[in-house]
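Multiple structures are listed underneath, in structure tokens.
Look at the two complexes coming up: chain A is in both, with chain B in one and chain C in the other.
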Partner chain A sequence: MNAAAPQPPPEPAAAKKPARELAPALLGLLSASPFGLLMLFGFVAPLLCVVWFGFMPPKTFSLLQAPTLENYRTIFDQTYFKSILWSLGLAGGTVLVLLVICYPLAFAMAKIFRGGAAFVTYAIATSLFVSENIRLFGWVIGFMKKGVVGGTLAAWFDLQIDSLLYNVPVIILGMVYVYLPFMLFPLVLGLKMVPDQVREAAFDLGASRWQVFRRVDLPLSMPGVLIGSLLVFVLSVGAISEAKILGGQKVVTIAADIESEFTYAQNWPLGSAISTLFIALTTVVVFFALGRFDLEKLLGKKPSE
Partner chain B sequence: MIVTRAQKTGFSLYAGLVLLVFYFPVFCIIVASLSKKRFFSFPYATSDMTLKWYADAASSAQVHDFVGVSLRIAAATAAASVAIGFFSALAYARYRWRGRQTFQRLVLLPLFFPQSVLGLALLMWFNFLDVTTAWWTAAIAHTVWIAPITTLIISIQAYGLDESLEEAARDMGASRWQILRKITFPLLLPGMITATCFAVLLSWGNFALSLFTTGADSALPEWLYARMTSGYQPMVPAVGVLNVILAVLLVLALFSVVHWSNRKARAARPAAH
Partner chain C sequence: MESSSPATPILEVATVTKRFGGFTAVDDVSFRIQEGEFFTLVGPSGSGKTTLLRMLVGMEKPTSGELRLRGRVINDLPPNQRPTCMVFQSLALFPHLSVGRNVEFPLEIRGQRSGERRTRAWELLKLLHLDPNRYYDKNIAQCSGGERQRVALARALAYDPEILFFDEPLSALDARLRKTLQKELKDLQRGTGKTFCYVTHSLEEAMVMSDRVAILRSGLIEQIGRPDEIYSSPKNAFVAEFMGEVNLLPVVGTGDATATWDTGRKTLALALPAPLPAGAAKKLLIRPESLRFLRADETAGNTLPVRILNQFSLGSRLQYHVEVAPGCTLTVERLREERVTGDTALLGWDLGDSQLLDA
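This part shows the complex of A and B:
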């Protein structure tokens, strides 16, 4: 990074040089400070609050009591590990399905389409701005008994089917649908980083399509694959609406468990303890993955065109 | 790269298929919003089509309230997160300082964090501070999540910032403040406009954070969620469609801004290409 630092100013300014060398450091800190304060107030403090609340006696609402481990004992005594496993499983399944669906599309957008890529980008990005509840509700209308799919089958093929809702595959479909942009766009960025010359060289040297994919495309687009998978995993592991709107009461996820502790059960300390475990889990995953790539490469580098 | 015709057709078909499935729910909502019946069933006769629910939605005082709350949250969030994002983008991409790499990781943290838990955490924090939650606490919650996004968007522009312009201004005796106002701000403006659109749209559609932090005020996605899980009203799809149309319009506006700034950038640097 120091190698790229601006050249020292010419002679007349040399007297003021020490002050100028200091300035960027101070400027950086100063301009980072509003964001830093926001994070301190709106992110760090609330999280500490949750962690601390997890040690309060059950069914209380004050933070000023003697800490106890009772909530954690309750978690391990009861079946909360089931909902944690459900959440992890659903999130993992979503990531895998999305990788399979998005990789070819991202490849086409990065390497094959020209004007079409922008069209696909805008068509997919638009969905980000429509509340996910509305979009999930579309699936409900489509899949419910006498819905768009069932009604069409009945009218055209005289085929009576029951509601397609309220099962695990439909929950995964909902998550795949909602989080598709978060996988697609990082993959496109990642694949744009694969130089065409390297692929062509591999082909010229007699590599098969599969070999090029395994040895060139995949390793070079790994940052995109990692970012996309990580984003989708974290978002879907904390998802609430999909399991509720599409899954009915079939599957209880950890986020739903936490929510019900805060609403129906009115047991804030227990909810906090579950949240704390949940936060610890996601933090471990995120830090493990974030330590493995350099984000500046993805954002700072101009995509090859 | 050499692309064969067959490849292009194959991938185009695949993209078309994905988009078709992707827009299937929107199609379903449009179909449902036009049905006259109290309880939706498909298919229905064309004589059963109606725009009644749209008229209902447009004149419902309840819907107006929710839209008002959502708009207020979105406006406050956009203003705050773009202002914060402008400075943190400079820290992220422009200035070279010791803590930069740590800062770049820190910016991502709220994005990689489950929103429902963040919303809950903020609810407890406001409760601890003895603050009654209302629309403005939701705006704070949204800002915590959206400021990192605006930072990243403005950073992309800040990476492309020509440092020599700022240096030239400095050598000609401009103060830091003058450089910021006359050079840096106009150069980052397209990025900031894009970021504003993103902030408004993301705040408008957000549900997980609003659910816990709006208190007595209720944002539009919350109302829709409540109506979907219990007590279906035919007005719900109509509101949903209006919501989609609004998003499409804003994205088109965004598209033209990006297009415009790209053209301006190309016009400003004819020698580079």
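This part shows the complex of A and C:
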């Protein structure tokens, strides 16, 4: 009896145990489900619809038809590749210009300004509070014929200039202006990860300023460079307003093409096919870039065993 | 070490002062480092030792005074143009480069060809007991603390500096590894014949490795000398206390070679090794190993009845904490063979084993 008496109590505990182990998993699943459902019905399902719509006959509005490659044939027969190249080119140009502009500023914010860095951060973040279109129209007023720039030059220096709008550099200017925070902040974080003593050590071992930048700053801040570039590229490759507002009809981006297929042309299947193709293309470009640079290896945290 | 002639200073620090705003970090400091010696700057945190070191390597500029390397003033020479190099406290290894590439860094900067670089890196890794076959391609993140120390040292040696500076690189290691590396560092310094200048907060560490030691306190040098000189004749109570566990008794002279020691509860009369004017306050230094327990028939310069509070084993020796008066303890160290038992004992020391120091 003595030996048996202590035995019964553990049993109910043991019976309860599996239920307790299950609970965290269940709770986790439950708490993840709102977001999961949102992603499923708000993102995955529509995306699949778009992909499937791309295989429907042109100018129809039903998903329940026999699939066809008609739309893709149209894309490759016509000059949509031009819009695609424009979009990729503008996005690439924006990334390059932003890297050159933002790196020195980010360096100053991470390493040189002390309290000043917070002020610059707020100043730049505040610009995001104003709608992108309003800010772009500001540039239109600045650059149009007899606008702020032209009018000032005419009044003060008697210099007559034509409109500065509707060309590629102005589109890039608009995109650089709009996407600057998305490059700057990751770069600041990236540069903050470069330890001061490591820079000092390189300097102490005979490296010049340029060599310290080339061999220490740049490789160690690469995660920031990469994340900033990816963010800006992905955002600007789908940009539509800059080319429309500042570029007039000079350049048609792929996003503008897609918009007109869904609206004026009422050709949903063609619009869907272009979208699908473009998503695939962007994905390939992004993964290619990610594959070139191994983030964790750059951070020196990945054991190669 | 007769080869290092004491007449040739490689680095001369002449009346160097560094101020940050109103704060004087280094105050009118002068000393010389001789060619081929192991020189150590010791001081508690805030003593200005790191600021001094940063001036020596060129990362800070002195507010006044001169730094002379082989007679040439180098105050304004940036670190990348100085033939000196530093091993940082954080080691500051390049996390994105392999062990081998870290070591080759200064050679690469100098524009050496990759074959030569590799040969030199292998030599240095071998010199520092890191098997090049295993370590050359290893990631820094995979190396242990001790291995990183060696890599940092190999990288600094690859620069082939005239003086190698160290900013407490061993402080983050565990005691045993630290002791091993201290000895290796000393061996390396002898082997290469290079001038080493080390900074630490541990006088014990300084004593083990150095040919000469400078002790800093609040931006001023308290004493410079060989370790045995500092040990046998510390200039003042600060230096003596900094050396580790010592007994420093605050005494007030009562004329001739006698004094009183106010222990808080009661005042004891003591005999001194040297005369002290009446009313003058000094510190009486007695090392724990100079104190001994007396048999009933024994006498010494001073004898005190004490109560034994605690006994600790230090391996070959035993340490005792004894109470002279309530709340006032002394530290005694005796060999294991001289173990005493019981609660009370008679403690004594010879006058020659005690020293009077300025507070």
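Observations
Methods note: the second predicted complex is superposed on the first by the 254 of 305 C-alpha atoms of A that agree within 3 Å, B and C clash if a C-alpha of one lies under 4 Å from a C-alpha of the other, contacts with A are read in each partner's own complex, and residues count from 1 in each chain.
We take it that a residue touches a chain if its C-beta (ideal position, glycine included) is under 8 Å from a C-beta of that chain, and two chains touch if they have at least 3 such contacts.
These figures come from a predicted structure and were not determined experimentally.
When the shared chain is aligned, chain C comes close enough to touch A:Gln211, but chain B does not. In the superposition on chain A, no contact is made by A:Leu40 with either chain B or chain C.
Contacts of A:Glu259 after superposition: chain B is touched, whereas chain C is not reached. By the touch criterion defined above, A:Val100 reaches neither chain B nor chain C. By the touch criterion defined above, A:Pro219 reaches chain C but does not reach chain B. Put simply, more of the residues of chain A are touched by B, taking chain B and chain C as the two choices. In the superposed model, A:Leu69 lies in contact with neither chain B nor chain C. Within the superposed three-chain model, A:Glu200 lies in touch with chain B and with chain C [touch as defined at top]. When both complexes are overlaid on chain A, the residue A:Trp268 reaches chain B alone and has no touch with chain C. By the touch criterion defined above, A:Val284 reaches neither chain B nor chain C. Chain A uses residues 200, 299-300 to touch chain B in one structure and chain C in the other.
Contact residues on chain A toward chain C in their complex (touch as defined above): 195, 197-198, 200-208, 211, 215-216, 219-220, 298-305. Of all residues in chain C, those touching chain A in their complex are 57-59, 78-80, 85-86, 88-90, 92-96, 105-106, 109-110, 139-142, 155-156, 159.
In the complex of the two chains, the chain B residues touching chain A come out as 1-3, 7-8, 11-12, 14-15, 18-19, 22-29, 31-32, 40-43, 83-85, 87-88, 90-93, 95-100, 103-118, 120-125, 127-128, 140-141, 143-144, 147, 151-152, 155-156, 159, 163, 167, 171, 176, 201-202, 204-208, 211-212, 220-221, 224-225, 228-229, 236-237, 240, 243-244, 247-248, 250-251, 255.
Those residues of chain A lying in contact with chain B across their complex are 1, 4-6, 9, 13, 24-36, 38-39, 42-43, 45-47, 49-50, 53, 61, 63, 101, 104-105, 107-109, 111-113, 116, 120, 122-142, 146-148, 150-152, 155, 177, 180, 196, 199-200, 230-231, 234-235, 237-241, 244-245, 255, 258-259, 262, 268, 271-272, 275, 278-279, 282, 286, 290, 295-296, 299-300.
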